[in-house]
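Chain nomenclature is as follows: A, B, C and D, assigned in order of appearance, with residue numbering initiated at 1 for each chain independently.
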Amino acid sequence: MRVISVIGSSSANEEEYEVAYRLGKELARRGIVVLCGGRTGVMEAVCKGAKEEGGLTVGIMPSYDGHEANPYVDIKINTGMNWNRNPIVVASGDMVVAIGGHYGTLSEIAYALILGKLVVGYRTHRVEGVKEVGSLDEILKEVDAFYSC
Amino acid sequence: MRVISVIGSSSANEEEYEVAYRLGKELARRGIVVLCGGRTGVMEAVCKGAKEEGGLTVGIMPSYDGHEANPYVDIKINTGMNWNRNPIVVASGDMVVAIGGHYGTLSEIAYALILGKLVVGYRTHRVEGVKEVGSLDEILKEVDAFYSC
Amino acid sequence: MRVISVIGSSSANEEEYEVAYRLGKELARRGIVVLCGGRTGVMEAVCKGAKEEGGLTVGIMPSYDGHEANPYVDIKINTGMNWNRNPIVVASGDMVVAIGGHYGTLSEIAYALILGKLVVGYRTHRVEGVKEVGSLDEILKEVDAFYSC
Amino acid sequence: MRVISVIGSSSANEEEYEVAYRLGKELARRGIVVLCGGRTGVMEAVCKGAKEEGGLTVGIMPSYDGHEANPYVDIKINTGMNWNRNPIVVASGDMVVAIGGHYGTLSEIAYALILGKLVVGYRTHRVEGVKEVGSLDEILKEVDAFYSC
């Protein structure tokens, strides 16, 4: 199965939420599994979009019981490791899309780059090695190019 | 989604392999996701059985890239944490089935009991708190009873 | 530096507490660092004993800030990983001494054996591979034999 | 005990190595424990400096056996978690000093800021929330101010 990690803030603004939501729909239409940190904000939006198109969603949860999962997570991976779950989120995707985000997202970007993953960034931290894009269309172009390689 | 963690040795004997394989089939028929450590032996057998019935399988992998996954793992959760992934395996299932197994399995049984999970054991370590059973049918009875509660 | 991991229940009974306390004293007299899970019970007792003899103690803490450390921990390693810290406790000692204990201790014994550590057990889980002893003197004989090898 | 986490690249340039080495000496003179990732570069330099002044050093190691520790690490905390050990490095210090560094250091800076730690940065990643300084003297001023508060 193809899996993309989507990362971003748990307190996304309206515009980030909308982009993540539409990204979730598009990934699901392509049959790509959406994997994320399983919480609110960007994580909720991308899962919600994916579910509305019949996609499959995976949440890498901070707790041992996944109680904090958003309602659109199908499979909860319960780590019990709090923030230390972050490297698992990016290691489990074929590539990574970052939308907005704060320090948690920054730690994930850093781990994705350590692991040599393609990181596509939309209005996120400016880090050397991240491929910055300015629209959902550009994110999708990167996704499609990645898998056609 | 309903998810069951299946644990056991990476070097299962023929009989353990057969039970795990048939368990995988039965779980898939019930629409239950099979989650395991993603490697050989019992983990491979249960994934193989599940896939032959069109089920969904998740492997919690020791490495960062999941190269060690058996061919029947659909979704690889790449932890990069080696043996330290074990608590995640049991925390992510609604209940746990142990088939045979060595020290890795023992660590998982211990974590499952710490977390208050039902652990059904088939020819595995004798630990207070594990519900011992003697056949695949008895495993399935426990599974069905668990979800009908 | 020589480091021994001491594991056991956070709710030790009086006798376990006494043995762990006296073990801490003896380890400190030998210049051996005491490493443990940093909490109450056996962990507190062994740290207390070590400090009374001027020893050095290390606690591998479940939380990110070590607030749950007993007062005799010198160096807090704050993992933020809750129970998932257990493999770190045993991996960081040259050898392991288990005194009493419940499921957390069982997970640590399992990890110690996975990693090929000598595990000396005093009134703890009966697991193949653990060297069972019946007194503090016998624990110390194992410690002294280990380092003189 | 007072503990400072020192982070930075495993492949430090000469100037970074020198600053880290002198920082290690100064921390040891103040009786502050040096905690780091235990490897080469900045980590080796700061441990070397600390040991030359009789200080105590702790390395949070990627492996299960600490074979990769630099020769100046007193106490090896063997995590077996590879890069996932990074949050433990910063969580275990009262404050954090970053000297140079690549993506691993960036992940540690992100975690330190998540956890609300003071991060003093010398020629490292520019991240909002990091207190940038330009010399060893300025690092030490921050250290002294931190503990006198």
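One rule holds for everything that comes next: contacts are C-beta pairs under 8 Å (C-beta built on N, C-alpha and C of every residue); 3 or more make two chains touch, one makes a residue touch a chain.
Treat the numbers as computed from the prediction; the structure is a model and nothing was measured.
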The chain whose C-alpha centroid lies farthest from that of chain B is chain D
So the centre of each chain is just the mean of its C-alpha atoms; given that, what is the distance between chain A and chain C in Å? 40
How many angstrom lie between the CA centroids of chain A and chain B, rounded to a whole number? 27
Any idea how many Å lie between the Cα centroids of chain B and chain C? 30
Interface hub residues of chain C, defined as touching at least two other chains: 64, 79-81, 83-84, 87-88, 115
Chain contact topology (line, ring, star, complete or other): complete
In the complex, chain A residues that touch chain C: 64, 79-84
Using the touch rule from the top, collect the residues of chain A that touch chain D in their complex. 83-84, 87-88, 103-104, 106-107, 109-111, 113-115, 125, 127, 129
Chain B-touching residues of chain A, taken from the complex the two chains share: 1, 3, 33, 56, 58, 60, 64-66, 74-81, 87-88, 91-92, 115
